[in-house]
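In what follows, chain A forms one complex with chain B and a second complex with chain C.
After this line comes the complex of A and B, so read on.
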């Protein structure tokens, strides 16, 4: 993981990552054959709603977001999925369309809870959980990469705005102290 | 006079003096003081002037219900009006100023109104400022605006920051008094997630002040005992200084946190808690009501409970000699507290003939005189109380005795704070015995399952006595716990409560009962809005029978306190005047927020730089460095023009256009929406979404398409490219990308769920660069890698491959009318390609052009822009684009809409071009064509064309197509313009330039 911009002045480390390879897959995920095929192609089960498993995230009843593992390429995965899934499928490289951020620190939950209408208490949102929601006025999705580290994606054109938003929300003297 | 007592005050720290100023005068209080208690400690009881009559007003209450003590706080960028002295904690250096007077608090010119009061009755404005009509704008309104209002409007930009915070919990408890604590303990024991909010800086509520005894402990000791247990529970969170401000549908509640109003620092000033709770327990207490006797607004008259608060919480004597006036037992506690603090209580005036219960006996046994069946006829004094005249409650106010005093503590009974119960529709019962509205548990506000989601506890439920208060709290907590799946079988051990024997209160709405007009006209109901008993009675006589109408007519219960003290008294007077029962008259509507909350808290972090998301393309930095002027389009920032050193913007636009028309231009089109549509039924789906035929498009080809809504009105346009047999890329307008994607998904998910189609918004994946102009092909050829010749890549075709080694898709489409290529590359490669194109175009004088040059060039070509030439009421036919509406298709969105009679009728506005008769005059956009006094239509786009060297315009004109050659008159900006109706295509009608 490499970063293009880091701010460590706040209670949480905010880092904008360099390009992360990712692919969107749209298919009928309720179809058993498709699920079985995807399990084989992705090397793991199709995640349940609002979950992320093995870097594959549930985005919608017919949509997955797949973080391309190191050593593979988005192009390769797109080709694999298009060829492998026999049912109608849409698989596209969206690496350039997204900005990815890391939020690292004990208080990352509180920073996100300032903008996302999501129950972020440790009992309700843990490793493996994934939410497609909004942060302030920006559409985002996030999940826990580690116990104290969130990963967040938004549209690439919002990268600067999102970074500023996160740095503002992470200011040291502004934590609600709830979680 | 009011003063600091030598001892007492459980909230203040006498070891920590705090300096502050009031009206510029330096004063001192102690840490823990409110501004109100500190002012009283400095013998400053008069704190403002009233709204209408400018009467001197004093501190009346000790909490959020305070109507009078509103302050202009601080200075400059931290200035804020209407801050309640009773809820503002003092801090070192605090600056407060009283409001609503000129030139000073002590001497106020506006007080003349007080002597004119008989000429300023209810509805005064409506009756007086009628004629002449012109005077409204020039005389009345300016005067009213200057004289109305309380505090001043801040002049500087707010220096503070604010934020939101989302919280989810099983049970939200609002109120950290005895009821809230008992409920939290019971719900906490059962294992529910509990969040308890207390608006003040301390827990305990009345238990800290009233002499109650629980389990052998005093009130404060019991609260400490409960607090210790609650703090040990991991599932229970307690927070101070957060007000439960509003309850909304689906268990949504707002908490208004005043983070550092008590100690300004760099933290966010306010935080708005946006809470989702399965159940909400409203333990918000009750508010004491004033009594309506003449002069009840003179500084020194205050609520009995507040007088007690100042003694017990802050160690402040509200007066040296206090007369207590009441209709209930609770006020006797104040007499006892005053007596206990060594202060004089010359008389308790109790309107009840039989007097009070155990507490009254205690008072008597201490030698305090009690006058049963008596009332206050009037309060003597101007800027402060000097005495009271006592009369019989049943009479007309003939005084039997005058008592010298400097303070009057009054209690007219209690009103449960039913606001949170009522915000979302909880209904109330009228408790005639106690004279109060209480929540009806059988008619709670209901959630999405039809179940009640708010429960009331303690005195907010109407349980005014300690034992009943605890019982209702436990019961509410157990019910809420059960409903969120957290319940305990065993009930908690009952608390041993020492409960005094209490006598019933007597409803007293006027004091004395038969007060004549002279007294009623000085008996205040609403202190903040200067509404008297006589005003409500007048409103009733004038036919205002609805309590809501009376409120608006008299202003009873308006402004910042929303009638916290006045509502029940006011509607009781109204009911009496109408000879109706109180429940029949009913209350006005309780609306959130409970008290005013700051606009900053509502905006949260969305201010300044973070006001609105800004979207930037991959080439944004380059544009900025090149000196581009940006314009917002949707959330995007797009280069409007690239003026060079010393160049005027209009000259830059003209230069960019000439460069493109004569050589080659470069344009950032990345913001255009790009929606991928894929699946076996993709063609069928797009035939339904677009007005023209899309399924007949061959792979590798592009087609311009229109989209309408169900009404047949144009909503978007753009070029569709068929990528393969089963996949299309649909370009939308910049502002339309998100909406059109949602529009497609809505139709797919709700109507055409049987179609096998997937859509995905790929707008951001690609940087899209337009290379346009006669030399465009040479530039692409110089980059190499792709055959872009006319044969290999004809107009309205596209190819994929590598351009200068970058993976690219190149479309031959044109919005400028020139030979034009739109090159899409992964966004991350955008800057690289942009620079390569600039380099390669150098020898042809390549120039980047902005959105304005684009708009001029498209207007020269007669191309429409959705949102300029269309406004949501325009069909493709109106725009002369019937050619893009398929006659062969069975159906598409908007087909039936377009067939409605008035969309096919004669006389609709149609798109035309306009050529001003003078080449020096450019029509203003939006100018209306007028003939015979009727509007014919308006100018939709207007530019100066540097290509044609004259102005050009487009317009929507009634029967426009039939008016070709006609000269129309436009009036705008005080000028008359004449323009001839012409074809909207001004340049290269045959389209030869783009197809080379």
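After this line comes the complex of A and C, so read on.
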């Protein structure tokens, strides 16, 4: 991944990623046939509620967010999904509508815990977990990319505000040291 | 602070992650109704002191609507349940009665 903006002045590294190709899929995920088809088309299992597997995230009972791997395109995946699922389905390229951030450092949890009403203790939120919530007043979703690295996605219209919010929340000597 | 469990995605969150949609199980009176029925549907709400049934939306989460039964005095949430019902299901009533034996459903 490449970054358009990085701030390393705080206790946690805040980085805005350049452009992440991603697709939103709307379909009834409780339908067995649809799940089997998606498994084939995505090359992996449909994630359980509130989980992320192989860059496929569970957003709602009828919604997935799929981060497209480097080297393939959102266009191709959109066409594949819309043609391949034999049930009411809608796949849309939302790459330009989203902003993605990386938060890297031992205290990344504490930065998010400042603004999200979520139990972010290591025992309650671990690798594979995916949470849609708010951060400050902004609708976001986040997950653990590695032990010490969170990925966060929000609407592109909030990119600058979110970056500033994260940098502010990550200031040195401002973290509670709770986790 | 209200703590609600979204029955659609399973998240147990606090109320700032949700948005309240007002009193639940209201019968819609529109075309063909009398002025009195329409006025009642449009303007009159129960506003009880104790058990209420409300519509809520998981606005910062999965985005889905659901129902909640809670107490306006203590903020205790008795149960949350799906949006596709016209009245609170029996298990929800049982949960309320277990906590408020004197409560009667009107």
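Rule of thumb we're sticking to: the second predicted complex is superposed on the first by the 179 of 179 C-alpha atoms of A that agree within 3 Å, B and C clash if a C-alpha of one lies under 4 Å from a C-alpha of the other, contacts with A are read in each partner's own complex, and residues count from 1 in each chain.
In the analysis below, a contact is a pair of C-beta atoms (placed from the backbone, for glycine too) under 8 Å apart; a residue touches a chain by one contact, two chains touch by 3 or more.
These figures come from a predicted structure and were not determined experimentally.
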item: Which superposed partner A:59 touches (first chain B, second chain C, both, neither); value: second
item: Which superposed partner A:26 touches (first chain B, second chain C, both, neither); value: first
item: Which of chain B and chain C A:117 touches, first, second, both or neither; value: both
item: Which superposed partner A:49 touches (first chain B, second chain C, both, neither); value: second
item: Touched partner set for A:126, first chain B, second chain C, both or neither; value: neither
item: Contacts of A:136 with chain B and chain C, given as first, second, both or neither; value: first
item: Touching partner for A:8 - first (chain B), second (chain C), both, neither; value: neither
item: Common interface positions of chain A, toward chain B and toward chain C; value: 117-118
item: Residues of chain B touching chain A in the complex; value: 161, 163-168, 193, 237, 265-268, 271, 274, 276, 604-606, 609-610, 612-618, 636, 676, 678-680, 726-727, 756, 758, 760, 762-766, 826-829
item: Of chain A, residues touching chain B in the complex; value: 19, 24, 26-27, 62, 88-90, 92-98, 110, 113-121, 124, 136-138, 155-161, 164-165, 168-169, 173-174, 176, 178
item: Complex interface listing, chain C residues touching chain A; value: 8-11, 13-14, 16-17, 60-64
item: Chain C-touching residues of chain A, taken from the complex the two chains share; value: 49-50, 59-61, 63, 117-118, 131-134, 139
